[in-house]
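Chain naming follows the written order as A, B, C and D, and within any one chain the residues start at number 1.
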């Protein structure tokens, strides 16, 4: 196997693992991590393809996908920061007043996709204490 | 010496891939949030190394600065405030886990099949970029793509960053509007942290500017340099040597938008002067690119640092001690 | 020479990758964080060796960034572990009380 | 030239050895503080030896400066974070959080995946 195949398959595996975590993650923060895993898996697959193109074209890596991945990384970071802020706000609101939980849930529709699906769980489920 | 075939680094490929996969699996399955976040910072470092092996140091730099550094800070502070694993939902039923696991396995296998079955003469834009790269007078093909050939993407991306800051700020409580972000204000720093906060930012400033400057011809550029600068600003705020600016500070707001704005203005004037939107007149290509990149570095640094610093908050809302009253702003 | 440097780099990388076992094992988040730091340092060393072997200055830049920012996790960790009124957890054994005076420069 | 290469080989090998020793320490030492001690060996000694070994190979003005600056930064960060980590470990000495005290001994490689997740 060449390194493009190794890392391409690795990226595919990361997407699968991230998908599992995003569906079954046990806290909102963990789902956020899982979304980032999916993202990085997608980038790795993209990077493997870029590497193939680069080798075929006589360079180290195709510059166009590289540039797209760089912008993608920055946007992913921005989305994560927003999701984290949303989680904190949610925790603050829940701590303040349990009855305002319904109101906070309705605001989820306005948030970007990553943040929305990450926070749905936190708003919807009854927090269960981990025993220790 | 460079003519040798280099078989050795390949020995690292399979272990690197396995380690990334194992770490990802572990941080998905482990019980505690904080342990998972620590694992995720390690994962960011690993992926940075993977990108070197994939031949793109540009991406590796970005990943190392964002994934390994800033993301770890952001998430660990989130864990600190949200509590570690106190909001765990009950574990899903075995059948659910099995079904979802099978679904994810199917997705992985399908993707892997696609990756392994990619068409053999790989499509490549290397030559197309190399052909036109001379026009931009840049030595780094990735920089040429970012600033010239796919400039629309880069422009929209920097607008997204500015929008992200606006969205983040809007999460603050109404009463807190106009105040400072306080997510990084976590109490008086220990003496070791203080030492770090005093000595590291000057070094980081040099490294960040170096990355930006060298980005024209070598790996590096506004994103990488901006990320390093943002990390240094976050460190200064963390150690209370400086405070994040209040959200209604007009200088900060200018800093956020100056990059995209300048980009847009020059791009629009390209319609008149050159022959297309985001076209550069031939004589001034390099100076114009340099101008845009400088503004962009500044904007990215400010925006990333503010994204880590969080929405504006009331002083007492975080059970810290008294807010520090040091000098009010830090350039970053 | 090139072969030697690359071999040394791969050796160090494999060593710190095995150190990741500690991340999985613990016990305790502090040990996990140490494994991450070992990964960062070892990655820096491996990158330096790689860059020196194939004459690529860019990897040295990357190593510099990695060294600069991999310490951030430890900073954030010590911050995150400090309990909610984080005033005194860090400096129990430290000598000087942390006065947050303006700290010039 | 060959003298410089021999110099490089010796020091880089020593550095690699230091990393290896540090890894063994991280794995085998009994408690967190002594593991921290092992880690700081990798930070300072291992990376330092590698940097010294690479100095003859670096381009004169800037390559050498960059290497030295990198090592200084790494020592600074390693020292400061080591102090902070030790403070946290020290402060939490009684109740270092999460895992059960499963005093892990030998055979760690195979059990690594399963171990943290047993006994939920």
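Rule of thumb we're sticking to: contacts are C-beta pairs under 8 Å (C-beta built on N, C-alpha and C of every residue); 3 or more make two chains touch, one makes a residue touch a chain.
Since the structure is predicted, the reported quantities are computational estimates derived from the model, not experimental observations.
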{"item": "Of B-C and B-D, whichever chain pair has more C-beta contact pairs", "value": "B-C"}
{"item": "Core chain by centroid distance, with centroids computed from Cα atoms only", "value": "B"}
{"item": "Remotest chain, subunit D as reference, centres from CA atoms", "value": "A"}
{"item": "Distance from subunit C to subunit B - Cα centre to Cα centre, in angstrom", "value": "19"}
{"item": "CA centroid of subunit A to CA centroid of subunit D, Å", "value": "30"}
{"item": "Gap in Å, rounded to a whole number, between the CA centres of subunit D and subunit B", "value": "26"}
{"item": "Subunit A and subunit B, separation of their C-alpha mean positions in angstrom", "value": "14"}
{"item": "For subunit D, residues contacting two or more additional chains", "value": "69, 73, 77, 80-81, 84, 87, 98, 113, 116"}
{"item": "Contacts with two or more other chains, residues of subunit B listed in rising order", "value": "22, 25-26, 31-32, 34-35, 70, 79, 91, 190-193, 196, 200, 203"}
{"item": "Touch relationships between chains, expressed as pairs", "value": "A-B, B-C, B-D, C-D"}
{"item": "Interfacial residue positions of subunit A with respect to subunit B in the complex", "value": "3-21, 23-30, 32-34, 36-37, 40, 43-45, 47-64, 66-71, 73-75, 77-82, 84-89, 91-92, 111-112, 121-122, 125, 127-130"}
{"item": "Residue ranges of subunit C in contact with subunit B within the complex", "value": "1-3, 6-7, 9-10, 13-14, 17, 20, 23-24, 26, 29, 32-33, 35-36, 39-40, 43, 46-47, 50, 53-59, 61-62, 64-66, 68-73, 75-82, 84-87, 90-91, 94-96, 98-100, 102-103, 105"}
{"item": "Contact set on subunit B toward subunit C in their complex", "value": "1-2, 4, 6, 8-9, 11-12, 15-16, 19, 22-23, 26, 32, 34-35, 38-39, 41-42, 45-46, 48-49, 52, 57, 60-61, 64-65, 68-70, 72-73, 76-77, 79-80, 186-194, 196, 198, 200, 203-204, 207, 210-211, 214, 218-220, 224, 228, 231, 235, 238, 240-241, 319-321, 324, 326-327"}
{"item": "Residue ranges of subunit B touching subunit A (in the complex, touch as defined)", "value": "10, 13-14, 17, 20-21, 24-25, 27-28, 31, 33, 36-37, 40, 43, 47, 50-51, 53-56, 58-59, 62-63, 66-67, 70-71, 74-75, 78-79, 81-82, 85-92, 96-97, 100-101, 103-105, 107-109, 111-112, 114-116, 118, 121-127, 129-130, 141-142, 144-146, 149-150, 153-154, 157, 160-161, 164, 167-168, 171, 173, 183, 221, 223, 227, 300, 303-304, 307-308, 310-311, 317"}
{"item": "Contact footprint of subunit D on subunit C as seen in their complex", "value": "1, 4-5, 8, 11-12, 15-16, 18-19, 21-22, 24-31, 33-35, 37-38, 41-42, 44-45, 48-49, 52, 57, 60-61, 63-64, 67-68, 70-71, 74-75, 77-78, 81-82, 89-94"}
